[in-house]
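Below, chain A partners chain B and then partners chain C, in two separate complexes.
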Partner chain A sequence: MYGKGRIIPALILFLGVMTSPMWYKSGDISKLPKPEKPKDYTECVAPTAYMRTSHMVLLNQWRDDILREDGPRTGKTANGTEYVRSLQNGCMKCHSDKKKFCDTCHNYTSVKPYCWDCHLQPKEAM
Partner chain B sequence: MRILSPFIAVLALIAVALVAAQVPGGQALVGIILPYLAFALFLGGFAYRVLYWAKSPVPFRIPTTCGQANSLPWIKQNKIDCPSSKLGVIARMFLEVFLFRSLFRNTKAEMHEGPKLVYGSSKFLWLFAILFHYCFLVIILRHMRLFMDPVPGFVAALEFGDGFLQIGAPVFYQTDAIFLGAIAFLFLRRVMLSNIRYISLPGDYFPLFLIFGIAFTGILMRYVFRADVVAIKQLTHGLATFSPAIAAGQIGSIFFIHVFLVCALLIYIPFSKLMHMAGVFMSPTRNMVNNSRMVRHINPWNDPNIKPHSYAGYEDEFREFMKEGGIPVEKE
Partner chain C sequence: MDSKRRDFLKIAGLSAIAGLAVPSAFNTLLKGEAIASEHGEAAAAAGGHGAAAAKTGKRYGMVIDVKKFTENPGLADKCVSVCHTIHNVPDFGNKKDEIKWIWVDSFKHVFPDDSSQYKQPEGLNSLPILTLCNHCDNPPCVRACPTQATFRSKDGIVGMDYHRCIGCRFCMAACPYGARSFNWRDPRGKDANGQPFIKAENPKFPTRMRGVVEKCNFCTERLAIGQIPACVEAAAQSKALVFGDLNDPNSEISQVLKTTFTIQRKPSAGTHPSLFYII
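Up next is the complex of A and B:
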């Protein structure tokens, strides 16, 4: 083998970088995010499976619908409960603690939504 | 046919993944066993190829000389394009690996009326190649958020920069669009230019289709079908920490298609031209010092028992025979 002095260290470096997630100081794997569910309410504006994957789309739709299309500011759940189509006055009414609800999953998956660039952050979360 | 067969191969991979995601046990196969197998084959195959290449001796200096070599003191040397020192080679390799300098010199030849052959500069290949490679790098680094916990700062910084336009939710990543555009260019270039099409093989089209498939399924998963990212990170982070678990029923088929194609790419890399990621560092035409005139390079497999034999020595040995044969000799 030729060029041992350079090729072997470079190959080891490459393998080390490629496997870095495996020896990275990983947090507890079993520690999955557990967003705190509201105690007083049992029903959300949409089914849980939809909310888990697509709540951000819903928020965007509300914004476009209300601010750009002059749409209604309230909606009804499947069981007929009226709710306000708003992040602060709707979602945060039940899910009142941003730290214990929004941030658990967002921090886990490194998602930094820009909601709070404009909206006021709830006081207890600041 | 050289385009169609790799295209069908990628479609077949997608179909296999789609079926595997539906049958019982198939999700564990595609989501857990295949990624480990593919990653092991990728690392093992990669190391094998590099060590195999390292066995080839390069006894003589064969760098491409794209400028004036080191010569007389009053002739200006091109220190990067014809390096005579290690520093020059490092500069040359840096520019090659990070900026694709030799691609920047790409030229095109056109036939005009006359007939007249005209050469011109052609930078589009360089531009789209560099966009493609850097977008690919950013996309791979962004994915580290799914394999590491806590997520390192540079990943968050990349995500912020990539989603800087703040379009929509989930936020739109610029690299996604640039990446698809660059692949489209690299593909169309092969199809539209008759001379490039003539030399293109299935091995050129297959990686393009495969990488396009990976990017496209990833984009669909993020913007159209939307997956449960927490459930996905539970699986991918589990893979990285050797404790994988699939949250039953929470991950859509699109994720398994994406992972299946990525595994296919990982397995394919060591056996294909995609090994240029290691090959660029091992190219003797790039990484050698051009010092043929300054240093004597001795072929490593020369037999030391065979001594140099000059013409004067040869004549001494055979003078009588040469004279007999009527061959002129220098010394009587």
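Up next is the complex of A and C:
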């Protein structure tokens, strides 16, 4: 191969630079987001694994069900606690600090949901 | 040998034609029947001249007693401010950008097609009338909306899902009553003096964002928890507003409509409004 003395080290250097963010973060668990869970409540409306991956799906289902299908405005958790099916009046009742709960993961994964363009976050946490 | 090939080709051709033609002929015939029967049902349901179909389910409506508002000056403004406060409706301070869910306008603007143009009570044209979304039984805004952001729900309320609104304003062009407003500016913003457009935010209700259309929702969030609409509650003492289910013959509103002559806004538009006015 012509010029392999330069090309191969350059390729290795290039790959190293490109993947440096991965090396930089690898194995460092302390950099994972740690959303602050509410202290007074132990149970959410759905299992944690589901909430972690699909809370936005759940919110959309609540919205469509309540607005269009005349669905119930409240629901019951597995242990029978009643909750309001609403982001502003339901979720934020327990998860009252948006910065310490929502924003931790959203910032980490660099997603910018536009919930708060319209919905109001709890005042004390602003 | 030659003649046999000739026969084979003939038969092959004929079967090909038959294979194509027979299913399509069947389809056309069956579809024709289906269309005919659909027409029959639709015509029966419409009762000939576009009359409303049989009344089933809920249909919320309101009677607005204008006389009682004339007796209580200031009551209409109270209804407006109560509604706009609990629904976080911004006040941009000018007519061009105005957002209104419920508002007061003169008789001649609210009822522009009134036919009694010769002998009218004095001052009728300038009589202030409280008005809001008609929650039509046949809402033109719902038909105009390209994203189904606005819809008619099962209880007759014409609602909106602001998440889906793309701000095209077709619904505003379609609404014959001017009941829809567009957010030209950010409702969360502040005016030149640093005053927020929403004076006091209601933490229980969302605001809107710039670029969406908004309108009265007949307080569906209050109805869901057993309350009456905020404007009706504000006018409860004078009973100037009567709210209820138009399809329930025993509801208060049905009784009022049975015993009192009422008019509707632009009945000729064929929208079947759910608001009735006692002038």
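Structural remarks
Simple rule for what comes next: the second predicted complex is superposed on the first by the 93 of 126 C-alpha atoms of A that agree within 3 Å, B and C clash if a C-alpha of one lies under 4 Å from a C-alpha of the other, contacts with A are read in each partner's own complex, and residues count from 1 in each chain.
Assume a contact is a pair of C-beta atoms (placed from the backbone, for glycine too) under 8 Å apart; a residue touches a chain by one contact, two chains touch by 3 or more.
Everything quoted here is computed from the prediction, not taken from an experiment.
In the overlay built on the shared chain, the residue A:Gln88 is in contact with chain C alone; chain B does not reach it.
In the superposed model, A:Met51 lies in contact with neither chain B nor chain C. Comparing chain B with chain C, the partner in contact with more residues of chain A is B. Judged by the touch definition given at the top, the superposed model places A:Leu67 against chain C, while chain B stays out of reach.
When the two structures are aligned on the shared chain, A:Cys118 is found in touch with chain C, with no touch to chain B. In the three-chain superposition model, chain A touches both chain B and chain C at residues 114.
Contact residues on chain A toward chain C in their complex (touch as defined above): 63-64, 66-70, 73, 88-89, 114, 117-120, 122-123. Against chain A, in their complex, chain B makes its touches with residues 42-43, 46-47, 50-51, 54-58, 144-152, 155-156, 159-160, 166, 168-171, 226-230, 233-234, 237-238, 240-243, 250, 278, 281-282, 300. Chain A contributes residues 1-4, 7, 10-11, 14-15, 18-19, 21-22, 24, 26-27, 29, 32-33, 49, 52-54, 56-57, 59-60, 105, 108-114 to its touches with chain B in the complex. By the touch rule above, chain C contacts chain A in their complex via residues 88, 151, 153-155, 159, 161-163, 188, 201, 203-209, 224-225.
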